[in-house]
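Pasting in a structure now, in structure tokens, and then I'll have a few things to ask.
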Amino acid sequence: MTALLQVEGLVTEYSGREGRLRAVDGVDFSLARGEVLGLVGESGSGKSVTGLSIMGLVDAPGRVAGGSVKFDGRELVGLAEEDLRRLRGKRIAMIFQDPMMTLNPVLSIETQMLETVLAHDAVPRAEARRRAIEALGLVGIASPEERLRQYPHQFSGGMRQRVVIAIALLHRPDVIIADEPTTALDVTVQGQILYEMQRLVRETGAALLWITHDLAVVAGLADRVAVMYAGRIVEQGSAAEVLDAPLHPYTRGLLDSVPAANAAGGRLRQIPGMTPSLAHLPPGCAFRERCGHADGACSSVPEITLRAARQVRCHHPL
Amino acid sequence: MPVYVLRRLAQTLLVLFVTSALVFGGLYLVGDPVEILVNPQADQEERARTAAALGLDRPALEQYGIFLKGAFTGDLGKSFVFGRPALQVILERMPATLELAFLAMLMSLGLGIPLGLYAGLRPHGFAARTIMAGSILGFSLPTFWVGLLLIMVFAVQLGWLPSTGRGPTTELLGLQISILTWEGLRYALLPALNLALFKLSLIIRLTRAQVREQSLLDYMRFARAKGLPRRRVIGVHLLKNILIPLITVIGLELGSVIAFAVVTETIFAWPGMGKLVIDSIFQLDRPVVVAYLLVTVFMFILINLLVDLLYSLLDPRVRISEAKG
Amino acid sequence: MRLRVLLAGLALALPLQAQELNIGLSTPVTTMDPHFHNLTPNNSIAKHIFETLVGQDDQQALKPGLAESWKALDDTTWEIKLRKNVRWHDGSPFTAEDVLATLKRIPNVPNSPASFAIYTRPIADAKATDPHTVVLQTRAPHPLLPNDLATIHIISAKMAGMGTPDYNSGKAVNGTGPYRFGEYVSGDRVVLVANDKYYGARPAFAKVRFRMITNSAARVAALLAGDVQMIEAVPTADIARLKKDARVALASTVSNRVIYLHMDSGRERNSPFVTDAAGKPMEANPLRDPRVRKAISKMIDRNAIASRIMEGEARPAGQFLPETFHGTSKRLSPEKYDPDGAKTLLAAAGYPGVFGLTLHTPNNRYINDEKIAQAVAQFLTRGGIPTKVDAMPSAVFFSRGSKLEFSFLLAGWGAGTGENSSPLRSLVATFDRSLGNGAANRGRFSDAGVDAMIHTALTTIDDTKRGLMLAAATDKALGELTGVIPLHYEVSTWGVKKGLAYKARVDQYTLAHEVRMTK
Amino acid sequence: MSAVLPATVPAPQTPFRRFLEEFFDSKLATLGFALLAAIVLVALFAPFIAPHNPYDLAKLDLMDSRLAPGEQGLGGASYVLGTDGQGRDMLSAILYGLRVSLYVGVVSGIIALTLGALTGVLAAYAGGRVEQFVMRVVDIQLGFPAILVALILLAVLGRGVDKIIIALVCVQWAYYARTARSAALVERGKEYIEAARGLGLSGTRIVLRHLLPNALPPLIVVGTVQVAHAIALEATLSFLGLGLPSTEPSLGLLIANGYEYLMSGRYWISFYPGLALLATILAINLVGDQLRDVLNPRLAK
């Protein structure tokens, strides 16, 4: 498989009152055509910023400070805004977490879909409309022509996320970055959306970067998994391997805190301590203060080590 | 919707009634119009004659009763000073004030929204800071002071624009309008700018605050993620969301612009109803003041109603809840 | 009201023509009906279109108007000879019928807020003995009849039946004066055009546009910007600068208006704003004592007020009218600034440093009224009478003043008739409803001797005798009893563009037909 | 967006200290605060700082009127910023005037804000007829042009600091009420208020702890504008001959008094008070802007 999206040494910084913070600190991964990569981490680990950095949507006071993002062989970091715009929504689409906030409340679904078509293809409105209806049908929305005329507030949360997905799929993009698109939804709806996504990716052959904190979701969906902690990827590998036999203590901790993994009635296991503020990261391994395996070696930053097809960033892999 | 409009109109009548009673009573307390109307040389007999001629010799309640009776037939009494129906005196002056208010509002929106947008989108730039500093200037300097300054600079020093007065008018739908011709517009520019300054500052600040809030919302990011050109992201997605809260403010402010014309009209000798009402208050020309307030309150309620309707037109969310309620 | 919009608009757009004059007025003209509202700005405009039987020159001296001559046949009968070659603007000849119709209309103008009936009431009967002679019969001897006639604008009999609205629209405006009606836009402007068939001197301007610019700074700006060529009531603050400005010339004269202080000399006790030194209400009323009033007068430095507050646009006053007016005293001069003398007087009266006052003043009626009051308070406070100032709009001020709610007030009086009897009768004669005396006597000053002198004077036809009596009454009321304290006479100032000249008038009228071109 | 700073960060200091830290983060706001503090101090201690007492009529000398800045008077006193038409030292008058203006602006602002915010939020909370009634009253009030209400009110009441405060509260409260209501209305619709109600929290608690704080940021925006507006409106009323007694002038009144001298070149009589007014309003706004940014949870980074 050739890499469609190749991220190398990506650094995204935010300058604020407490100086410069690295929200993303040297992230590497690649995504192949038709592949689903789960990017997992707690909130604040930098996974969302990674998604935005790829899209070139990091706003001031943040900026991509280094590294490279290659899409289909083309460098995206430093690319002119207009060239980036042509790619966004056309070849790389992004879906956000909260469908209630993603759609513009005062524009009709039709407006929001048609403008997406017309932003990239000079087609007649009727043609754009046809595509919009088709996309709505694709994500399983009944009587799409009628719903097209409606406004976001007339849709339920799950339906809105379907609309968002339909918009993302309008141009049959090569890559879809989905930033926790099911987190805000009811569990039953979550299941439906996941199922749809899986089906759609398979049908359209798009590569999917699925950003989530939910390991259960990743387990059912992703081909590969990358785990992020404090701006760095600490472990990466095939979904089955990482989830079955994690190498990084942090991954282990995450897995242990999933309720299903615990015996019914037993005490839920947790990772001790709190997620550190990026401003107050301990020197060396960022996880060291919460890690049961930490020792003196951990005061230096661990390098990524390769184990077969897997990568881990730890002085003491499990 | 018609029921809604009708109910609002019924409330309007009540408001007008309360207004008239308050103003009538208020002005009655201020003083005796006869004292200010008669020639200082007048003797006691002439004063009594004036009081009788204007109906001021009757008890206050009776005077108000007479007013109410007339008001129901659309007669708001005769101006003490002009001896003509007060409503007629007001309506004659209204176009001048309305065109000034309209022009001022146009200026404050036409300049305020783009400037506010800019300052909100690039909040840390030098230009944005200059705009915001300027907006503070706009509402900290009293209108009358700025008015004279404008006259001194643009009329006396530079000689670009006429200092005072209203230009030639042309008739439009039976109204005398001056801002339709360039010559007439020249007269209106300075007073309108003077009147607009305060609102301009307000609109800049409100727009900027809105921009700052809205641009952080996900729909803005999503619009960009869709690959929309910046023009459309700002011009459609952002602007439409900003306009909705702004509409409420604009409605409110249009009313206040009309009222604040009082000061501007005085300084620029603009023959509108604001100048008329100031004179009328100082001359205790009660019928005119009462009629003026009734007319402006009515206009204001009308504007409010229009704003509500416009609001529901712009914001799909309101349309639904209105239908329910 | 029909607006001749396009015409006016075109004219405004054109560059200034020599035959056009734009004048900035300080107060709005409220009507075109010469008998509706007796108000200076209205009368001023009316004087362009209409004429009076008796005219007044710039010093208010009587001169022939539509009447060639007038004389008293006996104490109550007057014969008036009318000018013969006069035509109305519509072309018809002017006759005695017009005079009779005017006198009949004046008391019967509906809704008039200030009618001219005060001037016609003394007339019991009027008849025409021939087309150009009118004989007037007064109820009692009324020496001021010619002065009164100088305020009555004669309208044509044809238009006598027309109402005020017809005048405002211009339909009924038909005069004999040097200017004809052009356009009237309420609150904005009055446009007059020259009457080329006028029997007198032809007006210098083909067209005159009066613009109402009430804000005084804006009025000055309009003159400096060249939007108008003449303004009235130049504010005192700008006089010094305008004097130095080569583009304008000023015309000024002492007016017939005196600014004065009135004191509560009516109430024996509990005058509302007399307090003790600590500001608590005081029972006794020291203002009843003429020595206290004199002391107050001595505390005030009139020259300082004239030079500092009025910036030279006022002349310290010792009586109601400048000495040039008929019936004024030759003995009274402005009270000298004498704080020590004041202290002595106060001590003699038994009130050294024991009472305080509040001075009430209008703040939008007279030139710098509120500031003058502050200056007076300054002088009084330093002289040992702590004084506060309470300024209010004239509407409130006069209502309260006439209800006698004040103890000490500042006001002004302009003698409309141009004779000393006017202030004497209104300000210091005992308040008497039936006689019509003391209507503006808000201090309720009362002295039987003064009353008697005024009464005799008002029934004495002989001008010289009457003048002496009026002067004697003034000496007693002001010099001896200090019934009111005169401060200064206002100076009225007009500003004109260089190349124009205006003879300043004591009656404060702005008359376009008196404006001359100097080059 | 998921925050860069994790929400679960251990609070290193008290909320108030955090607030202070965030507030003084901006140089401009710090400057504004310093300016405002200086102005308030100067206003408070005017009687001790001012070289003259401008309210003492006995100390004024008419002969010293309209002196240019730096000129010496007849009595030997020199006037840094000149004198006005009454011979009042401009510097002292400005210092005292600041006091009056701030007092009038702030007191009327606080009363109006309290009154308006409470009615607005209560209306939003209560809904139904109560809300309709309150909002109609607000409409009536807003329908009356502020300046005219103040004019008539002051014509009836007369001049005085207390009277102008009454007038300003009367014309301002409705703005706050309307703002508070619309802000609270947005919040009322949100799930957490439903949840709070569901939890059986008392009405007062919901209003005070949930609705009011969320209505605060827009109220502060309106407030900073309104305090400035109040001071300017007071100046306008004084210009029209109503408002404050001219023997104890506010900044606005000083400007109004100096207005007539503008054309004659005696600029200092209204220019310096104007400058002081500008500085005051600038400071209030800088502080208000920063307050809004810091208090606004949506803008917090």
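In this document, chain identifiers A, B, C and D correspond to the written order of the chains, with residue numbering beginning at 1 in each.
Just so it is clear, a contact is a pair of C-beta atoms (placed from the backbone, for glycine too) under 8 Å apart; a residue touches a chain by one contact, two chains touch by 3 or more.
The model shown is predicted, which means the values in this text are computed figures rather than measured ones.
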{"item": "Most heavily contacting chain pair (counted by C-beta pairs in contact)", "value": "B-C"}
{"item": "Most distant chain from subunit D by Cα centroid", "value": "A"}
{"item": "Identity of the most central chain, Cα criterion", "value": "B"}
{"item": "Rounded Å distance between subunit B and subunit C, as computed from the means of their C-alpha atoms", "value": "37"}
{"item": "For subunit A paired with subunit D, centre-to-centre distance based on mean C-alpha positions, whole Å", "value": "48"}
{"item": "For subunit A paired with subunit B, centre-to-centre distance based on mean C-alpha positions, whole Å", "value": "52"}
{"item": "Geometric centre distance via CA averages, subunit C-subunit A, whole Å", "value": "87"}
{"item": "Junction residues of subunit A - those touching two or more other chains", "value": "52, 97"}
{"item": "Shared-contact residues (touching 2 or more other chains) in subunit C", "value": "217, 221, 224, 364, 393, 395-396"}
{"item": "Touching two or more other chains - residue numbers and ranges from subunit B", "value": "30, 148, 152, 218, 221, 266, 281"}
{"item": "Residue ranges of subunit B touching subunit D (in the complex, touch as defined)", "value": "11, 15, 18-19, 23, 26-27, 29-30, 129, 132-133, 136-137, 139-145, 148-149, 152, 198, 202, 205-206, 209, 212-213, 216, 218, 221, 248, 252, 255-256, 258-260, 262-263, 266, 277-278, 281, 289, 293, 296-297, 300-301, 304"}
{"item": "Footprint of subunit B on subunit A - complex, ascending", "value": "52, 55, 57, 60, 81, 85-90, 93-94, 96-98, 101-108, 115-116, 119-120, 151, 153-154, 164, 167"}
{"item": "Contact footprint of subunit A on subunit B as seen in their complex", "value": "124, 217-219, 221-230, 232, 236-237, 240-241, 244, 314-317, 320"}
{"item": "Interface residues, subunit D side, partner subunit B - complex", "value": "1, 28, 136, 139-140, 142-148, 151-153, 155-156, 175, 178, 182, 221, 225, 228-229, 231-232, 235-236, 239-240, 252, 255-256, 259, 262-263, 270, 274, 277-278, 280-282, 285, 289, 292, 296, 298-299"}
{"item": "Touch list for subunit D against partner subunit C, complex", "value": "57-58, 60, 62-63, 65-66, 85-87, 155, 158-159, 241-242, 245-247, 259-266"}
